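In the two complexes that follow, chain A is the common piece, with chain B as its partner first and chain C second.
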Partner chain A sequence: MIARTPEEFREAGLDVRINTRAAGADLRQRTVSLSDGTTLPYDFLVLATGSIPRLPDIPGIEREGVFTLKNYTDALRIKAYLQNRPCRKAAIVGAGFIAMEMAESFQSRGLETTVVYRGSLPARRWDREFGKLLLQELNRQSVTFLAEQEPVAIEEGVNNRLRLITNQEELDVDLVLFSLGVRPNVQLAADMGVKLGNSGAIKVNFSQATDSEGVYAAGDCSEVFHRICKRYTNMPLGDLANKQGRVVGRNIGGDAASFPGVVGAQSFKLFNLEVAATGIDEQEATSCGYHPVSTVIWGKAIPGMMPAAKQVGIKLVADSTTGKLLGAQALGEMGAVSRINVLSCALWGGMDLDDLSHLDLAYAPPFSSAWDVIHIAAQNLRKKL
Partner chain B sequence: MIARTPEEFREAGLDVRINTRAAGADLRQRTVSLSDGTTLPYDFLVLATGSIPRLPDIPGIEREGVFTLKNYTDALRIKAYLQNRPCRKAAIVGAGFIAMEMAESFQSRGLETTVVYRGSLPARRWDREFGKLLLQELNRQSVTFLAEQEPVAIEEGVNNRLRLITNQEELDVDLVLFSLGVRPNVQLAADMGVKLGNSGAIKVNFSQATDSEGVYAAGDCSEVFHRICKRYTNMPLGDLANKQGRVVGRNIGGDAASFPGVVGAQSFKLFNLEVAATGIDEQEATSCGYHPVSTVIWGKAIPGMMPAAKQVGIKLVADSTTGKLLGAQALGEMGAVSRINVLSCALWGGMDLDDLSHLDLAYAPPFSSAWDVIHIAAQNLRKKL
Partner chain C sequence: MAKNMVIIGGGAGGASAGAAAKRGDQSLRVTMIEQSPYVSTAA
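Moving on, here comes the complex of A and B:
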């Protein structure tokens, strides 16, 4: 077992090479070779190499003031950059959940923020009905959203600033953040001969063991079993990495554990909105061989008689042949994440729309209506089966 | 099908008598007889006679200013009473969720409020650890809690006020509210020969049909199937009555429906606290033949780094032979009800502590930690199996 990740070795100026094969059957002779000549023997090796932010291959991408945000160090670097010089304008390329969170973060620091996205609406995992409301919220908060634009180059602008050139316009900004997602960091695994899955991430079983004896993988670099799609996929999310890491730890420590997979629960906050989703959408459902039907309904997160009542929107996707829930999305000023957590649990348990139509929730007027939006959405979608 | 409930008929000054037998096989000759001589024929009869508040048999219980609170009319009566005379002090007998909600309500209106309870801590459905915090919250909000006291009589006090005499002291108050729970209103059903269940409420099947042909029942007067205890019980809660009513409506309207039962989810708000529970506690579990183990843990409802982070306590009860979840309770300034809703869904789906240890929830720092208190509680309890 090595105590540091390859990334940490690299940050310490060391390259890592791992030899699982040459030593033959003797476990003791499996070694990790570092670039300074050190050799570390191991019984168990855990690959936790994480992921690498995607970056477009455009001129100027290496300029100072161009950032990605994947870990704490990145966050500190961005913060230091903003503190060390007068910054007025920021551009974010991409419109996923990190891009949305950072749009709020930059704007809240007083930066004029522009989101540049090749698609038409932010947060494409979510239904267009919700995407439009996210766009409205960005506009309401004075964040500019440039739809259907892609970065072409980053040049030096006036007064040591940056000029982000897209396929349609030029933006003078102090900082450019690329939030285009990540790809699993599997170079070391591939070099070792550890098998990768169809997703491109390291193939693991329910114990987080790879195909190579004694070698485990966890986190963004590895695959997870998707309980709705019934296939392994790569889902680089922090809470999942945490859980996988614990499963690895228990297994190599001699206490059996398995990681039962994911349903794809996810959430983010955009200014006043809670945004959450779980499971799969119609397109993914169809690609899995399901026959999806869906509905979007709006209701009060808590009863209308309560002073604080706000609207919450719920989208449900179900399989028309079985009535089983396949996915859900929610958006609102309150009560969106809590509904998605219930629906994630329902997905985990393989529940159908009949279950959801009558699900026993802890009703009290400060918290929900007697018929919760979950019940109403399920009853509504049930009619389409 | 009658358009009004027996209660409504009674409020209109009419007594109701129902004849299901005399007419023999001819459905058309089943009738409802009213005290004014009217006879209504029916194909389907729905008994929705609700429940009756429990009241102790003590002198003075009939005095003006003594109330129960079960429906909207009761609430209006209490409100009118408070508006029509100068009131300074209120006593509440009982310490269940209605008593707690009304303690907040009275105190918020500026009434000095005293809760009189024969037990030692409020909300006895909840663990004593939570009960102590409820008591603290009552004290913090200047509500007096008189433990281990029972009302003995209500007399006339000075200046047309009431004197509530308990087995230990005398309280001069303007209003006494009895919140001692309810019993199913089954007199009409019993007179008709409709079969009652062991709980004393009307016995129904999953279609809400009673043992008498053409006669259905729904709401507080009827039983519900408890999915954890696997037996029928009486659970007089508004959201359940709503659901049962819809099931009856669909069945008598020709669209088959069944009511799949309850897991016992419930919540209330007491000033700054969310209080919620679902499933069963150790005592009920033992009486059902389970072998319960339990844990109470405390964690942050959202990550400690977030400015708004507050503690939330979670109690889990599981069966030691199967690891299945049997019940849960939660209390905190935030995030208690949302956790109980997830755990209600887990109970509904028959999940065990392994499921809960890895459950995929929609993690983001504004809403939860990567390891939610649900995960931590489940992992903690799992060690006791």
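Moving on, here comes the complex of A and C:
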């Protein structure tokens, strides 16, 4: 999706230089040197250098038909490849949310799709109980899931264009997509001497300012404050980049703003399933110094008497010392994302299980039950405190 | 004198920063550098 074209930015009075790279920058001179040989002076510098897809160091990774999907250019390249050649089979390496979205996308285009993953179940942020249902959904949609396998090499294909060799088998495919996450692109920042945080991304404060005067950072290359862990982390998501960028712009433009951090809300769709999560799981909670307890419950997203009623599963994690909510996960054919949004607000405001047990949620039979699954889960978990 | 703002990267973060800064201060001279042919994209 393109929100604004270079022409639209130019009409708004911004000088946009596409197909141009920053070759280097000098903090003392306050200049940036560009790949076209020019040098620009700055009073304010914004590092929005994004992230770089992770790729394994295996033979054949550079072959035609091997892709990553990070930006618009990548999407166009994949689309062109599929349009210009007869493709029947696709392999996706990795099983995070982009891998899941692409499994649906490839399969829906008529490609026989195989997901290769080193773990045992898709989407490791979610509990095994939910992971099993994601696997079931993949199988139901005829996507093959190969667990505990890692790519070893990519060779020229015989029956198909490529042969993906894993530590256990050989797959004939026409396209391989690597979806193994990203790392912050901080080369320029590091070369300039801009300070990085513990996560490896650029260290920023609540104004999105770096430790170097006049230099700001936003998006995948920078850190964000995690409001539940109470520490800075790197969370490369486009919606956050957008918000951080706006805070940078307001501070430079004289309308001071601060970025209040994140609770880690996230969602994706896999065929008929809504999948969402927010906050942290038990393992992260323990590493952040909490004493987590959790519960998973299933209920109807809307009252069972409604013909459209579907099951939704909710997991809550809370701190046994304070009773405060620490995180949540949800999965179902309806109502998962809306509940995670409610629970993200609860996390943002620091609610405990008592607050959640009687939270005033909008009730009407077409939309919810009088006792929503959120209430029931909170009351259930409260008993474990 | 008008101040210079240079943005390296025209993705969601960079493009939002440029638009918001210019809204706040019309006199800013904003230059946005992007290595690809596209700006203001969201994945």
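Brief remarks on what is shown
What we mean here is this: the second predicted complex is superposed on the first by the 352 of 385 C-alpha atoms of A that agree within 3 Å, B and C clash if a C-alpha of one lies under 4 Å from a C-alpha of the other, contacts with A are read in each partner's own complex, and residues count from 1 in each chain.
We take it that contacts are C-beta pairs under 8 Å (C-beta built on N, C-alpha and C of every residue); 3 or more make two chains touch, one makes a residue touch a chain.
In this text the structure is predicted, and so the values were computed from the model without any measurement.
Using the contact criterion defined above for the overlaid structures, shared-chain residue A:Cys345 touches chain B, although it does not reach chain C.
In the superposition on chain A, A:Arg250 contacts chain C only, with no contact to chain B.
Judged by the touch definition given at the top, the superposed model places A:Arg85 against neither chain B nor chain C.
Look at A:Lys70: by the touch rule set out above, it reaches chain C but stays clear of chain B. Of the two partner chains, neither chain B nor chain C is touched by A:Arg54. Once chain A of one complex is fitted onto chain A of the other, the partner contacts of A:Asn242 extend to both chain B and chain C. Applying the stated contact rule after C-alpha superposition, one finds that A:Leu34 touches chain C and leaves chain B untouched.
When both complexes are overlaid on chain A, the residue A:Ala265 reaches chain B alone and has no touch with chain C. When the two complexes are overlaid on their common chain A, residue A:Ala362 makes contact with chain B while staying clear of chain C. Looking at chain A, you'll find residues 238-239, 242-243 touch chain B in one structure and chain C in the other.
Partner chain A is touched in their complex by these residues of chain B: 97, 227, 237-240, 242-243, 259-269, 274, 276-278, 337-338, 340-342, 344-346, 348-351, 354-355, 358-364, 366-368, 370-371, 375. The residues of chain C lying in touch with chain A in their complex are 3-26, 28-43.
Looking at the complex, you find that chain A touches chain C at residues 1-6, 9, 12-22, 25, 32, 34, 40-50, 69-73, 75, 188, 216, 218-222, 238-239, 241-250, 252-255.
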